[in-house]
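Data first, discussion second: the structure below is written as structure tokens.
Labels A, B, C, D and E are assigned to the chains in the order they are written; within every chain, residues are numbered from 1.
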Amino acid sequence: MSKLIYLVPLFPLLGFLINGLGRKYLSKSLVSIIGSGTILASFIVSLMIFFEVKAPGFAPQVVTLFDFIDVAKLKISFAFQVDQLSALFLLIITGVGFLIHLYSSAYMHEETPPHFARYFAYLNLFVFSMLLLVLGANFVIMFMGWEGVGLCSYLLIGYWFKNDDYNKAAKKAFVMNRIGDLGFLLGIFWMISQFGSTDFSVVFAGADGTPVKILTGITLLLFVGAMGKSAQIPLYTWLPDAMAGPTPVSALIHAATMVTAGIYMIARSNIMYTLSPVTQAVVAITGLATALFAASIALKQNDIKKVLAYSTVSQLGYMFLGLGVGAYTGAVFHVMTHAFFKALLFLGAGSVIHAMHHEQDIRNMGGLKKHLPITHITFLLGCLAIAGIPPLSGFFSKDEILTAAFLKSPVFWVLGVLGALMTAFYMFRLYAMTFLGKFRGTHDQEHHLHESPAAMTIPLVVLALLSVFGGFIGVPEVLMKNGHQLENYLAPVFAQSTAKMHEEHHLSHVMEYMMMFGVAAIILVIIIIAWNKFSRYQKTTAEATGLGRVLENKWYVDEIYDTVISRPLLGFSSFLSKFDKIFIDGIVNGVGRLVQYSSRQLRWIQSGQVGSYILIMVTATILLFIIQFFWKS
Amino acid sequence: MNVIILSAILGVIMMYTGVMSKNKSTARYVATAGILALIGANWLEFAGVNFFNIDTRGMLEFTSFGLVFNLIILVCTLVYFLLSGKDLEEVGANAADYFALIFFILTGIAIVSAFKTMLMLFIGIEIISIPLYILAGSDKKNLRSNEAALKYFLMGSFSTGLMLMGIALLYGATGTFYTDGMYLGLGNITVMKMAGLVLLMISLGFKVSAVPFHFWTPDVYDGSPTVFTSFMATIVKAAFFIAFLLLFENAFGRMHSEWQFAMALITAATLIIGNITAVFQQSVKRMLAYSSIAQAGFMLLAIFALNNIGKQGLILYTAAYSLPTIGIFAVLMRMKDYTYEGFNGFAKHQPLLAALLAVFLFSLAGIPLTGGFFAKYYMLVAAMKNGAMFWLVIIGVCCAAISVYYYFRIIQAMYFREGADPGIQVSEGFKTVLVLTAVLVIILGVHPDWLLHLLDN
Amino acid sequence: MPINYYIFLAITLFCIGIVGVLTRRNAIIIFMCIELMLNAVNILLVAFSKMHYLAAATANPATNVGSEAQLFVFFIMVVAAAEVTVGLAIIVMMYRNIHSVDINFLNRLKH
Amino acid sequence: MGPASMIVLIIAAVVFSLIAIFASKFVLKATRNKQKGEPYECGVPTQGKTWVRFNVGYYLFALIFLIFDVELIFLYPWAVAVKQVGWIALVEIIIFFFILFIGLLYAHKKGALKWT
Amino acid sequence: MNITEILFWFLTALAILSALMVVFSRNPVHSVLWLILVFFAISGHYIMLNAQFLAIVNLIVYAGAIMVLFLFVIMLMNMNSDSEPQKNKWLKMAGTVAGGSLLLILVAALKNSEVQYQKVEGAQGTIGLIHNLGKTLFTDYVVPFEISSVLFLSAMVGAVVIGKKD
């Protein structure tokens, strides 16, 4: 079966070609059938591969399709790596990807046929690139996919290109990604000079025994790539801006593809990271900082997609924290659960936006509960999952990361929990303001409120089920003997690292229970606070007068909450988002200005005067002579 | 040898085609047929069939490397003729003569890809340069074209002077003009040899527009008729690179470490200046001129590294850089507005051309699955394998990232902006050739092996 | 007469040519200075030719060493003539258009 | 006769002719009048500066002349060497001249040799 | 000082002075004439170096044809000292300094060159004689010889394409 691995990326590529070339001639329904069908086909093949890989006694395989280059000492094969990790990612990408495609066919129905086909073509290309990234058996193929997803995100974010802001966002995404790619590429080159190859098998086998300093250098450079692609501090700002694209695209970027690339890369090269503790620490701290930073910003956002975007950044931070503390399985687990509930939340948000006629400000929503029942239920489940309420999927994966973090350092754990609390708060602020309370939009909007078509709700339901039950493949040992099937499944991939890592000192069961359910309990409290506060949210400031006595009492609680928790948090949050605007953008702009300035100076030299040109030539000649004759020797 | 003699003969034929035939397009058809014949002749020579058995006394040596290079050059020229032949006719009343000059240049290119003595290098470079001066000034009534020709001529002759001085000093040091003979004075590198080497480095650096000897490039490329800019920036530039590489490999290969640092400085300067200046050009034509400097920086890495991977990379780079650039220029020539704004909304009005342009630009920017990716990758790996001076690789990677910005500006203008119909008319044949070129570029990006395997012959 | 003297003579002429290229604005004079540079190279080559000949002639009086440099000079002259043809044609073409051979004239037009 | 003596000879020749010219200056008594300076039976006296612009038509001839002049240089060594080298030299020079002729014919056909 | 040395210094001084005059004369016609004098001096050097054939070729090609053509073009344009605008003073100075430093560097570097004490005269050579060069040219240098005709052809095309009035 794994011989057929090439089919997995081939289908989306075919879909891209057919839709791309035939966009003028194909009808919309045909386009969506081709677009979604190819992904479904990939999914089925992936599923078969998954079962083959899952069977005991499976040995990782490298399927070489052909050699790009096989001359002299340089050999680069177009080869695919089939093992537990890639099979799992295949499932996530194609599975979630298929649901998003399906959803898109309804969501984008307003577009004209050529645009519709173009959209699907890009979407297929996106999935193709991501599959390439995940399947590659060496870093060059991985880099191809890596560049590919960057490119596709550029195309898709700029999809609605009439708006200049979208253009800027697209460019920002591309530039940020390029900065990351630079690091990645440099890491690859260093790797070549060190190991003479980029094949996973060669590099990982050679990693043990390589000086730690070199490994640290390489891994740090690779991590720079991961920071760009997976939106970590300081290269994260493109992701929230990238919300400019259509909502299903955001879902695809955030849940199934693109941002998980960095996680995948580190999980893939786990042995190198395990061997360089400095990088691990950097990864963990960067991840944690991002998790807190993004979560705090999300507290105050009013754009439904922006909240979700920052929440993605924050969740990615958790994954990096997991990677940094050596909980590779936990990170991958969180990738998976996050894919489910984040896709669900985005698609749900899309459904809301669809119903609201492209209104994204949650201050103008509210009370959508009764108009969009399916969306509402699924969205609520998604929120519960991301907040980490047992026994939903987010609970298990987040818990695994936090436990590992605690083992490394309790400080990590405390900060991690703080982030989790904020997550719960902003998610339920979002939920409450959107679905609860009274409708605050225009009458026109209210009149048109309707539940989305089946093509949109079915993916929601499926994803909701996955979000609810997806966590059960990774139940911690404490709760169930041999409950962590995922860990057993992935064990071969991380075997080398596990062997290298110091003997784990296990927590006592009581401690573990306390941490698990104590945190869950606090989260629940936070949820209730948020629920109460924001379900009564009113647009105007005059709202307080019309409230009853009981409510007033509650207000009292809220006031305390407001002054003690909420205000500082929100203030901090707005400070951070300002910092983001001024500082990060300032750096980006500053670099741009520097380049512009030097360019102007260079243009001045380019005066068009032959005499000056030759004068410079002669001066350079003199300099070269001095270097060669007098300076060097 | 086949190509040298045949292309000279074809040049003569073209000279007379212009005289004999009153029909303007005849020259183009004859030239296209001629280039096909040249490709055939080159292929036959590659397969071991020599039409002419001439004892060159070791002055020329036809290696598989040179022949593969020639093959690429000839294919690029074929594409160039097919895409831009019509525009070439519009430059002046002497289309056939321009074709003749191009064939003479091809003679020169075949010589510099096979030379083993400084004499042939000198003659080869002059056979390439002199027709180029003429082509640059072929738009006789246009002052900018005049200016370009004059500047190119004066600075070109100046660099020829430097080159000859270098050759003379090398002769003084070694007593021979044969590049292999430059080895003989081995052991400790002597002052005179070093002086000759530096002068040759400078003059060839001038020809390939390496910073800081590049100043002629933007002015000349901008001023010349666009159709000849396209030729100069691609095929001719690659030819000078092959001369540069062969000279430094054959003559100075063993004293590599002596000149490597200077070469690294030139390469770094070329990469940085070329890329940064390209960023702020408003005219696409001028941007391409600067980007050709930037690309030259990457090709210089092959000479810096001077290893097998670099050599193969240069072959790949020649193809992956020339074909897309010729394609872009072919489309650009049909535009009225050479600024980025001219491309606004291009995708809407000319979806196919826009898509093809995007492929070409991807290749130039080094995006995977196009030829440019492996070309750049090869160059960087070559520099990497060389071991010394990792900072150069870092600069290279950074510059590759910067280059994406200005190439994508065109894509952005084409796809993400609204604009009036540029109103360009292209024939179906033109589109077909352009599609084939794009396919070639993609094949190079997916399976560059077939090209490189030719070298193993 | 040591070869050094000839080397210095050639370099001096060469650099005078360069100074001419750098300081004059008349395209024709610049071109003449380039010709001067070429001649400096020629004399250097001929001197080296003699030098290598003498070195070889002590062992073998009938040697032909050195003739290659003289032929090289011959080719340089021939190529220079071709270059002059084209160069003067270009200069005259420009003169016809703007009635000047000042190399900065066009530049002034631009700004 | 060595090269040095050859140059001495040349210089001697120059010096002798100079002596003759200057001797005449000293020996003869110079008479100066207006009529002596005028051209004798050679048409009208010139008006204005004698440095006048040439007809542009000359210049294309001059360019083409230069090429043929240089090509002619190849004939000298050929003429001396043809006996030693044999028939192959004949073939070579014929090819060379054939190419030259092609060039000449081309210039003619192009109308570059037409007097306008 | 024997006669060869006297001649060498005489010709060298002549060449360098004339070359300087080429650069510094205001009148282009004078520049051409000075350049012709340089060529004569260089031809003298050729003769001293046993390159008789080249000495003659130098006179025929350079002094006889190329310089005449230059003169011709200058006459054609009716150029004189007034017509040339002067370059920026600083640029002139910078140019002179740059050329001077290049000279200094090259001299400093090459004064210790490996061949510095090798002699260039003494025995009489025959390599520079026309029959020797002719023989080598038509046996060993056939390829460059024939290829240079291609160069002439392209120069011819150039002269016709660019020089001809449309």
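Just so we're on the same page, a contact is a pair of C-beta atoms (placed from the backbone, for glycine too) under 8 Å apart; a residue touches a chain by one contact, two chains touch by 3 or more.
All values reported here derive from a predicted model rather than from experimental measurement.
Trainee: Can you name the chains that touch chain B as well as chain C?
Mentor: A, D, E
Trainee: Provide the labels of all chains in contact with chain B and in contact with chain E.
Mentor: Touches both chain B and chain E: A, C, D.
Trainee: Quick one: most central chain, C-alpha centroids?
Mentor: B
Trainee: What's the chain with its C-alpha centre farthest out from chain E?
Mentor: The most distant chain relative to chain E turns out to be A.
Trainee: Count the C-beta pairs in contact for every pair of chains, then give the pair with the highest total.
Mentor: Most contacting pair of chains: C-E.
Trainee: Would you mind checking which chain's C-alpha centre is most distant from the centre of chain D?
Mentor: Centroid comparison gives A as the farthest chain from chain D.
Trainee: So the centre of each chain is just the mean of its C-alpha atoms; given that, what is the distance between chain A and chain D in Å?
Mentor: Averaging C-alpha atoms per chain gives centres 83 Å apart.
Trainee: Could you give the separation in Å between the centres of chain C and chain D, each centre being the mean of its C-alpha atoms?
Mentor: 21
Trainee: Averaging over Cα atoms per chain, report the distance between chain A and chain C in Å.
Mentor: Using C-alpha averages as centres, the distance is 65 Å.
Trainee: Distance-wise, how many Å sit between the C-alpha centres of chain C and chain E, to the nearest whole number?
Mentor: 5
Trainee: In chain A, what residues contact two or more other chains?
Mentor: Each of 608, 610-612, 614-615, 618-619, 621, 625, 629 in chain A touches at least two other chains.
Trainee: Touching two or more other chains, which residues of chain D qualify?
Mentor: Where chain D meets two or more other chains at a single residue, that happens at 56, 59, 63, 66-67, 69-70, 73, 99, 102, 106, 110.
Trainee: Give me the residues of chain E that touch two or more other chains.
Mentor: Within chain E, residues 4, 49-50, 53, 57, 61, 65-66, 69, 73, 76-77, 87, 91, 94-95, 98-99, 102, 106, 109-110, 113, 115, 133, 137, 141-142, 144, 148, 150-160, 162-163 contact more than one other chain.
Trainee: Please give all chain pairs that are in touch with each other.
Mentor: A-B, A-C, A-E, B-C, B-D, B-E, C-D, C-E, D-E
Trainee: Contact residues on chain E for chain A in the complex?
Mentor: For this pair, the touching residues of chain E are 87, 91, 94-95, 98-99, 101-102, 105-106, 108-109.
Trainee: Residue numbers of chain B touching chain A in their complex, please.
Mentor: Going through chain B, the ones touching chain A are 151, 154-155, 158-159, 162, 191, 194-195, 197-199, 201-202, 206, 212-213, 215-216, 218-219, 258-259, 261-262, 265, 273, 276-277, 279-280, 308-309, 312, 367-369, 373-374, 377-378, 380-381, 384-385, 387, 390, 393-394, 397-398, 400-402, 404-405, 408, 412, 415-418, 446-449, 452-453, 455-456.
Trainee: Any idea which chain D residues touch chain E in the complex?
Mentor: 2-4, 6-8, 51-54, 56, 58-60, 62-67, 69-71, 73-74, 76-82, 84-85, 88-89, 92-93, 95-96, 99-100, 102-103, 106-107, 110-112, 116
Trainee: Within their complex, state which residues of chain A touch chain B.
Mentor: Chain A reaches chain B through residues 66-74, 78, 140, 143-144, 147-148, 151, 154-155, 158, 161-162, 166-167, 170-171, 174-175, 178-179, 181-182, 185-186, 189-190, 192-193, 595-596, 598-600, 602-603, 605-606, 608, 610, 612-614, 616-617, 619-621, 624-625, 627-629, 632.
Trainee: How about chain D: which of its residues touch chain B in the complex?
Mentor: Per the touch definition, chain D meets chain B at residues 99, 102, 106, 109-110.
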